Amino acid sequence: MGKFEYSLGLNELKSKELRLWQALIGEFLGNLILNFFACGACTQIEDGTFKALAFGLAIFMAITIVGHLSGGHVNPAVTAGMLIAGRISLIRAIFYVVFQCLGAIAGTAAVKILLDPDYHNGLGHTTLAQNITELQGLGIEFFLGLLLVLVVFGACDPHKPDSRYTAPLAIGMAVTLGHLGTIRYTGASMNPARTVGTAFATDIWTAHWVYWVGPVLGGVAAALLYTQVLEAKPAPKVN
Amino acid sequence: MGKFEYSLGLNELKSKELRLWQALIGEFLGNLILNFFACGACTQIEDGTFKALAFGLAIFMAITIVGHLSGGHVNPAVTAGMLIAGRISLIRAIFYVVFQCLGAIAGTAAVKILLDPDYHNGLGHTTLAQNITELQGLGIEFFLGLLLVLVVFGACDPHKPDSRYTAPLAIGMAVTLGHLGTIRYTGASMNPARTVGTAFATDIWTAHWVYWVGPVLGGVAAALLYTQVLEAKPAPKVN
Amino acid sequence: MGKFEYSLGLNELKSKELRLWQALIGEFLGNLILNFFACGACTQIEDGTFKALAFGLAIFMAITIVGHLSGGHVNPAVTAGMLIAGRISLIRAIFYVVFQCLGAIAGTAAVKILLDPDYHNGLGHTTLAQNITELQGLGIEFFLGLLLVLVVFGACDPHKPDSRYTAPLAIGMAVTLGHLGTIRYTGASMNPARTVGTAFATDIWTAHWVYWVGPVLGGVAAALLYTQVLEAKPAPKVN
Amino acid sequence: MGKFEYSLGLNELKSKELRLWQALIGEFLGNLILNFFACGACTQIEDGTFKALAFGLAIFMAITIVGHLSGGHVNPAVTAGMLIAGRISLIRAIFYVVFQCLGAIAGTAAVKILLDPDYHNGLGHTTLAQNITELQGLGIEFFLGLLLVLVVFGACDPHKPDSRYTAPLAIGMAVTLGHLGTIRYTGASMNPARTVGTAFATDIWTAHWVYWVGPVLGGVAAALLYTQVLEAKPAPKVN
């Protein structure tokens, strides 16, 4: 069991043994990295590939740095999925989400301070594209949360040990894929904390509920779908 | 043998023990993800790298999520190759292809519903470029199916255990490479189900046969080439 | 020892046991894939990232498919390095280079046939940029061959077993890096066979010697540098 | 312990047994590759993704080639972090930094010689964007050094053995992420030696101190943060 130490979510039961404050520092730091570097990438005049890689690599890095402390959720939608799957307690989940949001706020605050306002370009805040309704945005963000949390469960499934070594990369690339698929329409948040961070700095809260309800519902649906339908059965011992 | 549980194709004999419906949900979900996110990427005004990464990462993600249930074909050309290689039964192959197509149809239907028509931009449907004949398109799609199924066999060869950990990534990157090489000319389908999904939504069936015959023939050729000529011989036990 | 079966170069001594024709089919097929997909990418109107990824992923795929048969050289510069390092016999090296060139010629011939001439755009042939002298081009191609063969030795060093699982990816990314660094100036061939393939199809042989002498000298220098200076010493057995 | 032979930093105590000159050749060569290929990429007229991938892949390659000799720092900020963490002696650290700078100078010198001046385009030298103050630049480069060294520690943590196989890739991708996030504002040096190399060739030393103090302070902060707060505790042996 010790082998899965760093993997995302699987070690929730174990990580209860860790001091909670270490996990919370981890979640804070992970979201700070995400909003500093990936939303920082959005302030530049570059194309969609540039931004999509930034978000995916930021998650890859965050899990590499803090995955062993907190499970490396770095996203309330992932935390919600883990809560539904019984892999994390409610109290811990609430603390996680608070520190995820604080980390994202800190990350975007640092971008805001370190860049001349001429370069802010919206600070990477997510908004709905013209003619995309809130309901459509909700559907898109639902699919984004669903994708991410399905990949978290698939990559960290203890019955599929071969996935373990590339799990942080796979989860990061799920975030990149989500951005490639939908960035033009909702900004491809996938992550309520990330959007809180930029909403706080820009004071733009339009359609903010979409960025909470969509990914969280998607994450919950993914947790139910994976654990109830898709989960790998233990391989029969061959002797 | 249990070690190869998640790898693509190798576990076909084993997966017959799994309930078929679980595998079919897996194939449906994999193709839904492919058409939702990767064809969704095609609706945006971005360059070829953007689209090529989206298709490759969608396959990487699909295998990560459902590879252990169904072998993670997510493509009738792969299923055809596995059928020829004797790794999957005919009845199972037919069911797979039906659910692959249904998943792709559902994925593109979701894109169509969630995006204002102004953003549809063809919904990522594959068509032959001007001055590319159907025969030329057939040849290109043949090479695409050949590449993909060769990589599936090479990455999942049980005699090459070192390939195992990066197999889902390698197969995804084969799809990215196929798009980089040929996207301008045929749209680089590589995958009849993916094209069925967008043909259904756009009701464009021009040269549709090319997108079935090309990849499937390529997949069959790859299966024969790999199993008859290239397959790794078991490493002699060193003691 | 059987564990290194698929890795590049290390298994040369072992692969002498394999029938030579299997290795030659492997080298032919690898270079065909390279010239079909990566030079095919060059015919499209896309940017440098697009092309650089295509060449790197083509090598990643070629090694995944045929690495266990031939060592997956797919490049006369790699073969030259392996020859100097004593990992492959002269006769085998000569056969490899012939089949690498034939594969590249076949790959570009297929592109030429399958695309309307309007799309040829030079078929991805490498030429020296304006104001880059042949001597400068030679220096650039020398560094390209040096980089590639250093990475081949570093990634496949049997004393560094942790590199093994990502070796095909690392070698592919060396090719991508080479293109990112120099594509504007020499086309970043790194590979005489690849350039033979496109020279044959376009009948352009200007400065052709640069594309042989540069990478081959670089590969030879890398083989000497790695084996004489850099090679990992066996880790002391800890008991 | 022998298992971590190639990983970055962890083997510092061990590598003291290696002859120092081998490690110094390693650091020299790593920085030469970085400045030749990645700064070479900056001389071309391409976008940010192109440059960001070049820097990240150059680090991935450098670690693949020389990581076992020197720990693969290839950056004075990493060396500073390792020094603070007690993983490398002061004398060794000073030698490393000297050879890192010499390697970077050699790499950019080679670019300068091999390219016609029309193609120099600043030789990839890092400068502060207009309206970015030196203090802001310092803050940005601090975050870049922090990110990189946190990833080095996280990926090479001996208590997280699953990270080992992809550590060189993860560290390279940290460098890519840093560039995606900030390249427009400071050039995203992250690495004093890299900037010395281009400053030497262009004789531009404006705000040069920023590129030393920022990454080094960030690296030191990361070393303290990781070792004092984040470090993985040994997994309890399960028997």
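Here the chain labels run A, B, C and D in written order, and each chain numbers its own residues starting at 1.
We take it that a contact is a pair of C-beta atoms (placed from the backbone, for glycine too) under 8 Å apart; a residue touches a chain by one contact, two chains touch by 3 or more.
Keep in mind the model is a prediction, meaning the values are calculated, not measured.
Steps from subunit B to subunit D, minimised over paths through touching chains, total 2. Relative to subunit B, the most remote chain by averaged C-alpha coordinates is D.
Both subunit A and subunit B derive from one sequence, and where they touch, under half of the residue numbers involved are common to the two copies.
With centres set at the average Cα position, the gap from subunit A to subunit D is 27 Å. Each chain gets one centre point, the mean of its Cα atoms, and the points for subunit A and subunit C are 38 Å apart.
Touching of two or more other chains is recorded for residues 47, 49, 165-166, 169 of subunit D.
Pairs of chains that satisfy the touch definition comprise A-B, A-D, B-C, C-D. Residues of subunit C touching subunit D in their complex: 47-49, 52, 129, 131-132, 136, 139-140, 143, 147, 150-151, 153-155, 157, 159-163, 165-166, 169-170, 173-174, 176-178, 180-185, 226, 229-230, 232-233, 235-238. If you check the complex, the residues on subunit D that touch subunit C are 1-7, 18, 22, 25-26, 29, 33, 36-38, 40-41, 43-47, 49-51, 53-54, 57-58, 60-61, 64-69, 110, 113-116, 118-119, 164-169.
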